[in-house]
Amino acid sequence: MTRKLRMGMVGGGIGSFIGDVHRKASSIDGMIELVCGTFSSTTVKSISFGKGLLLSTERCYANFEEMILKEKELHKDIRMDFVAIVTPNHMHFSPAKMALENGFNVICDKPITLTLDEALALKDIIKISGKSFALTHNYTGNSMVKQAKVMIQNGDLGRIRKVQVHYLQGWLATSIEGTGQKQAAWRVDPKRSGIGGALGDIGTHAENLTEYITGLKIDEVAADLGVFGKGRTLDDDGNILLRFDNGAKGTLSISQIAVGEENNLAIRVFGEKGSLEWCQENPNKLVTKWLDEPVKTYTPNGNGLYSEALEVSRIPAGHPEGYLEAFATIYKNFSNHLLALENGQRPNTPDFPTVDDGIRGMQFIYAAVESNNNNSTWTKLV
Amino acid sequence: MTRKLRMGMVGGGIGSFIGDVHRKASSIDGMIELVCGTFSSTTVKSISFGKGLLLSTERCYANFEEMILKEKELHKDIRMDFVAIVTPNHMHFSPAKMALENGFNVICDKPITLTLDEALALKDIIKISGKSFALTHNYTGNSMVKQAKVMIQNGDLGRIRKVQVHYLQGWLATSIEGTGQKQAAWRVDPKRSGIGGALGDIGTHAENLTEYITGLKIDEVAADLGVFGKGRTLDDDGNILLRFDNGAKGTLSISQIAVGEENNLAIRVFGEKGSLEWCQENPNKLVTKWLDEPVKTYTPNGNGLYSEALEVSRIPAGHPEGYLEAFATIYKNFSNHLLALENGQRPNTPDFPTVDDGIRGMQFIYAAVESNNNNSTWTKLV
Amino acid sequence: MTRKLRMGMVGGGIGSFIGDVHRKASSIDGMIELVCGTFSSTTVKSISFGKGLLLSTERCYANFEEMILKEKELHKDIRMDFVAIVTPNHMHFSPAKMALENGFNVICDKPITLTLDEALALKDIIKISGKSFALTHNYTGNSMVKQAKVMIQNGDLGRIRKVQVHYLQGWLATSIEGTGQKQAAWRVDPKRSGIGGALGDIGTHAENLTEYITGLKIDEVAADLGVFGKGRTLDDDGNILLRFDNGAKGTLSISQIAVGEENNLAIRVFGEKGSLEWCQENPNKLVTKWLDEPVKTYTPNGNGLYSEALEVSRIPAGHPEGYLEAFATIYKNFSNHLLALENGQRPNTPDFPTVDDGIRGMQFIYAAVESNNNNSTWTKLV
Amino acid sequence: MTRKLRMGMVGGGIGSFIGDVHRKASSIDGMIELVCGTFSSTTVKSISFGKGLLLSTERCYANFEEMILKEKELHKDIRMDFVAIVTPNHMHFSPAKMALENGFNVICDKPITLTLDEALALKDIIKISGKSFALTHNYTGNSMVKQAKVMIQNGDLGRIRKVQVHYLQGWLATSIEGTGQKQAAWRVDPKRSGIGGALGDIGTHAENLTEYITGLKIDEVAADLGVFGKGRTLDDDGNILLRFDNGAKGTLSISQIAVGEENNLAIRVFGEKGSLEWCQENPNKLVTKWLDEPVKTYTPNGNGLYSEALEVSRIPAGHPEGYLEAFATIYKNFSNHLLALENGQRPNTPDFPTVDDGIRGMQFIYAAVESNNNNSTWTKLV
């Protein structure tokens, strides 16, 4: 490592959950330093919050426009290298666009944008800008997810036939958005979330994990979405049939009204020769099953792993790796990518989610909503 | 107990899996004695097999017709009380019909018949006969399934919103029906299985468990069935969306090509106040989750159970109850029902699956196949 | 099978837990018929109880002496073949002795006798009688226990270095013996239990399982026993260091005051090349770990088993086997042994626990008590 | 937070495992900045390593003496606030002593020192210095460990009767110290490890966790240590009986030759009213069992937690917290303590392990070794 990368943050002030996650995750590997940010809607609040993070007052900005313009004027050894966007969905596109167009790299929370059109537009903007863009589908940063991906890629499981994936939460089981809970309030609001509720918030994670692990594309979906919370208009639950581009089939079920579930993202993949299962809440196990052999369970840094999985782990086997570490892996890989470019290296295919993953997520949301509007008719992801 | 009930068996000879299960399950509680049977297609084979079961030669019959007619002629203190039908699906209806019409009670393996019409006809035959009929949806005999059912019935979970159920096996992942494996051969044969493959064999268990535990009816299904094994015409995999009569939604996924899965029947039910999950392969745990309380796990004969669950257990808490015990509970409850009738008591609603459960199973198969034929269009269970 | 074996039972009347277990376990495989018994301390009560089991009045006896003498007078095709002794410990020796001396085989609950001297005497009596004797250390009847034993026997784990075993229950956490609970009352009474409390009741199971699986002998113990329940004189808890005859070391911990534990018998064995763990409450998994390979988990009738384990299972993989099935395996193997002898075959080493296992159990109790009395001094099992 | 604390590191260069853990753990909460260090035995190597951490050359020191003296001369707004000691055991005392005596706070890896005498001397040095000292018994930083501690402290489990704790690893199952593995080499060397091998390395963690959770003191031990690896003189395995100051009893088992075990630290505590169990490899569950209620399982930031447990979590329920987060909690609490002192506040009892924990650990090692030398005689911790 030749230097620390400098991060500017958009969003993530008081009441934000994911802003703090980004800050902690980006700090674990000692590669990134938070140097500036716009955390709130007013200069005063933004400064107040930034001081708590030990930022200098002059680098706590009133809004992202100010941040981008002022940082641009700073010396290249001082100004931020990239912007981390951790706002609600409707505030992803504009700061991303402006940052890219002003020469800053961007790392952005998911789903990528409010609309599919924005996502497609962003792809062009990124290309023209020549800058880098990462999307924090953080679960792909888990060691056991890498192992799963490589096993399938290498054909260990044979041709994939069936996938079951679900992402179940219970925190919106009651209409807490009416109680002033900020996290709930924007998620149930189409103006801030987009056309998908749970679909966008957690469905895109499930979709992304599925395509990442299997290497397949979801070809079409048949969706039955539910709106169970009183007064809501966006889905807070959904059951979706999947058909993949190789002929495999599956189910994808999501819920934010699944009482008692915390963050239950789990996937099972069945091939012709073997199968695997992984659950985010118990991320340090990858269970694999076989035609003729006993069940084999892999663990991070444990026996029998592919190098891609081993590389992810920071600590020896048996020392549990959690949510933040997986999240940090996205930041680490993004940082290594930026440093490689800076050093004139030609990096490999980036090992972090990109704008293409973001577009897939939006296509998934749009196809599911359209299918649901047509009484679960099969609908292509386009 | 005033006397042992006498059982005659149709099917269950060499190569049968379920025949032996019925024999063992029916013997656990000491309430039933196997007195006769027709185990094979020839008299010689049937006698040979029956001798191994210590039956007298004259009560090993060539076919069910002979068995029913000859047993009928025996003194009432000697002749069989009921017939256990453990043949492939296409041989359920005829022996059941003849037995009932000749004054014998019947206990039958699932699915109830080859066709929905047969199932409906059987209901009338039972009614006219005045005899009793039980269907061995054995999983409902588990202690933790009873606890789950009563919890929901009593409103502990509140109004049900979402159900996830799956039944995954891997034993048909390769086309073993071509190797002479009898169990596989008839299951992939529409003439013997009916219009559903995995649907009939395990899908009906999943459907029955769902309706039993939730007390809800599946109103309609949107099914995407798979035929993965070479040379097959019947489904060996399926992904199905569910809508219930109370507005709840769900998924039901089945597979017999899920490599490495043994007998993975599992269900999750989410209500407004709580949720529960149960897995057949680990049947001695019922996990429940709540809006504001920690996860609570129940065990057979353990703390905090409803009496209906306690009554099922034969042994103290911590002594695992398995598949055979749950199966035996169906036999025990059926036996108690028959003895109560014999003793002039008016039994309660029978606590074992009946012809109505059998009809639901057939309606489920038919609706799923029809939906699948119509590219997963929502289809009512009728 | 040429005929059913006829069983007479000593004990197991009202309030007995283990009597019913013996009856159910012995009936599962259809090899044994209960034909007589002495279930209570008076003829009237014994008859009353026996009638509920559908025994004829004349074969419900007042005491074991009467039973043995009268049965002996019956025709050999009618009289019992063996006696099942399911009384408290102090009533094992006398009926066993008398039965053996009168030509009956015996199957007996554990621990084998009240005292070590009785156990040693019984060995001689058995030898002289020429009859067979089995002890129901039922946990050795589990499929996964067989697999564990054979793996170690075959050297898969290499030389054994360390063993951890525990058997934890919580049902005596409060002094329920004062409330009229029969099961508790005799277990805390030295006159009926012997010099060991939890030691005899569950410690012997732990000791037997350890020696069965590892094939090693416990050479000496250093025991620290606890008496936590008010008013008790016998141990209700114990922590014991183990040294084995091959130099391996270990711990054995037992408790009946471990609040909330149901029947938590679990063992871990570590060799030079691999290790394994098994837990009775989740008996259908055998977890094995290795120097260089991922964790491998075996299941009954599943992939990769030795034939000795496969032979135990009555049902396909994924269909849970429980406590009763394992218990039934002891009865099945004992029955096969008796039938083989009857048929003039020379049976192999019996695959059920014998008087030698019973003596080991008593030696274990005596060594642990002596060690405890000497402030945990190392004490040999002799 | 008013400022970042500045950390200097002793040890943790190439081949160190724990140095990197300290660096990552200390960075998660953004409260600490690494400003200097002595990472290796030569200036050149130390500088080379420090550059990789982006330290300035002049603050990469040749040895701890130089570091302490030179840092002391720096302006108080620049010089390090505390020293993190991450060397093998024999190099804990000297840098700790010198740092304290020169006005620096110290955070030190465990066990605290090479000998008990050093630990006792260190206590005096700390007192005289007026500086703060923390010991990284990191497992006490887990949310569920806090919950367990507070439950017992509040009497939820009633009086404690029994404890089972083990810490099992397999990485020294073969004599890898002969292969140049640095981590193994110093741990099996009495000159660098002290009189305890596994005892010091992991036994002290088990001892500390036990006393932390239960609030009890281990009064005496009866230890049987094993030396299984060829050519070793220090214990690589141990089985130890425990007696506590309140009359409770227990077992503590450790191993580094437990093939296949990764980092299996687990504890069970049984009280008169309830019991609990926690396992480090699955740290996000605390299982509790009760006299009359179902099993209750707690999760970080989940339902029903005490505030002390809630305060530990950085992320919402269901987002797994791992080893690094727990480790970071020690750093966070230490940092908050230092900042409170700096700001003239009188901090509460420090919520991180202190020199007293370190002394207990050494007393545990010494008592266990003495007991083992006396053939497992009960030996007091003094």
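By written order: A, B, C and D. Residues from 1 in each chain.
Here is the rule we go by: a contact is a pair of C-beta atoms (placed from the backbone, for glycine too) under 8 Å apart; a residue touches a chain by one contact, two chains touch by 3 or more.
For clarity, every value in this text was computed on a predicted model and none was experimentally measured.
Chemist: Both chain A and chain B are touched by which chains?
Modeler: Chains that touch both chain A and chain B, as defined above, are C, D.
Chemist: Which chain has its C-alpha centroid at the greatest distance from the C-alpha centroid of chain C?
Modeler: That would be chain A.
Chemist: Any idea whether A-C or C-D has more C-beta pairs in contact?
Modeler: By number of C-beta pairs in contact, C-D is the larger.
Chemist: Using CA atom averages as chain centres, what separation in Å is found between chain B and chain C?
Modeler: Averaging C-alpha atoms per chain gives centres 34 Å apart.
Chemist: For chain A and chain C, what's the span in angstrom between their mean Cα positions?
Modeler: 55
Chemist: What whole-number Å value describes the gap between the mean CA coordinates of chain C and chain D?
Modeler: Centres of chain C and chain D (C-alpha means) sit 43 Å apart.
Chemist: Which chain D residues reach two or more other chains?
Modeler: Within chain D, residues 261, 288, 290-291, 295, 299, 302 contact more than one other chain.
Chemist: So in the complex, the part of chain C that touches chain D is made up of which residues?
Modeler: 157, 161-162, 164, 166, 170, 173-174, 222, 224, 226, 228, 237, 239, 241-243, 249-251, 253, 255, 257-261, 268, 270-275, 288-291, 295, 375-376, 378
Chemist: In their complex, what parts of chain A are in touch with chain D?
Modeler: 1, 3-4, 17, 20-21, 23-24, 27-30, 34, 52-54, 169, 171, 261-264, 280-284, 299, 302, 314-325
Chemist: Sort out for me which residues of chain C touch chain A in the complex.
Modeler: It comes out as residues 288, 290-299, 302-304.
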